[in-house]
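Here come two complexes built around subunit A, the first alongside subunit B, the second alongside subunit C.
Right, the complex of A and B next:
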């Protein structure tokens, strides 16, 4: 079970979702992806849409000024 | 059943293609089934030979193919300023870290967005399926497109 990192703090819609989806698709069962993202649209929607697609959101933690880390597991 | 978004990509303009592929990639990334139906000027975006090239079945259609010129030569729908505006927009996009149409098209391919070409418009422009990128899944008429798009949301851009 591996852990991967993805930083989408500099990305804008739709690449925030696109990059997350492409990385999530590479995960094997039990792997986790830690996504660094900005508050606003990415923070509101990346955890929600990941959950809708059957992934588990293990946590959302502050990781800097207006930046959060979302931990997603397959 | 997954949500579904089908977009009729008619325009071929730089800004409208940006809208098509922004919606398509965003929807695909959040789990939608996405179908893109390229017709008329929109077909220019999925040609294998991008840039100005004489693609077409007759001298007249080859001339159209040359002047349409693919995504790189696509004009913006307003204030094109003889082709200066798309260059300015590309520069602004890179500067603001926003994806360009080419990057969005690559993302759409990676996300498994379905590409379809309009049979009627291909016939007018003298194009065959071999003139398009391999991701173009099929050549369709209206009835087949309606069947594929049925039960989902459809946009015309």
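Right, the complex of A and C next:
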């Protein structure tokens, strides 16, 4: 089970989730992706949409000023 | 397949869809669709499949653009009058999406070239405007084992069905072409331009659903609409055991040249 990183702190909706899906598509089932994203809209939408589309959100934790790390398992 | 950054942006609205996603867009980008006729139905089909990034789009049509086409054949522009329709269509497709490989056949779909043409494609779209060729397309696809979308429009009405190997075919529902001159073609009877878009975009959606394996295709169903009342209805059609091409004792086992279309006879 490998862990991968993705930084979408400079992206805006909907490219935040598009970039997340692109990375998730490269993973094998069980792998995890740690996504760095900004508070506000990305933090509200990326974890929620990931859940809706069948991925598991394992956790959300602060990762800097106005930055969060969302851990998503495929 | 790794998409370039510009492709990720271009196809982002497909990638966002749970039912399509990256994998579905890859299937679209690897897909090969043949569109027969670059007219009223072929125009929207080609425009949307080009925009969607279908890997290879074949387009076959022996006609040149006429000014009377411009009212509904929205892939052709006024300066294209006199140009082969396939060339006009190829130019627009390449401007919409340079990723698409366009194969233009400036000829008509006939019993002689049918099997060769369809063999290189995953899905066939009937965008023709006369019955004999519609039956020829059906027979070629049934005998050749190819999925296809049938579409027809006239006046304010449209109808469409999708065939996959093993499902009801066009002949299961409509046994054989009406006699020449019994039914007008859309160029004789007139057609509201916008219904070409209504029906063609349904056919484009079916092609994309087929390529991506999404949802339920219009198989064993005939969708028709009447745009004057804007009523849509879907009727179940069944695979007919007496169908002359896909039934238990088929009498059509090869292709025969389509009879002259009604309006071609009139022109003489």
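Methods note: the second predicted complex is superposed on the first by the 74 of 74 C-alpha atoms of A that agree within 3 Å, B and C clash if a C-alpha of one lies under 4 Å from a C-alpha of the other, contacts with A are read in each partner's own complex, and residues count from 1 in each chain.
Assume a contact is a pair of C-beta atoms (placed from the backbone, for glycine too) under 8 Å apart; a residue touches a chain by one contact, two chains touch by 3 or more.
Because the structure is a prediction, the values reported are computed rather than measured.
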Subunit B versus subunit C as contact partner of A:20, first or second or both or neither: first
Subunit B versus subunit C as contact partner of A:12, first or second or both or neither: first
A:52 touches, of subunit B and subunit C: first, second, both or neither? both
Subunit A residues touched by each partner, larger count belonging to subunit B or subunit C: B
Touched partner set for A:30, first subunit B, second subunit C, both or neither: neither
Where subunit A meets both subunit C and subunit B, residue numbers: 14-15, 17-18, 21-22, 52-53
Residues of subunit C defined as touching subunit A within the complex: 3, 8-9, 12-13, 15-16, 18, 21-23
Residue ranges of subunit A touching subunit C (in the complex, touch as defined): 14-15, 17-19, 21-22, 25, 52-54
Residue ranges of subunit A in contact with subunit B within the complex: 10-15, 17-18, 20-22, 45, 49, 52-53
In the complex with subunit A, residue positions of subunit B that touch it: 22-23, 25-26, 28-31, 96-99, 103-104, 107, 110-111
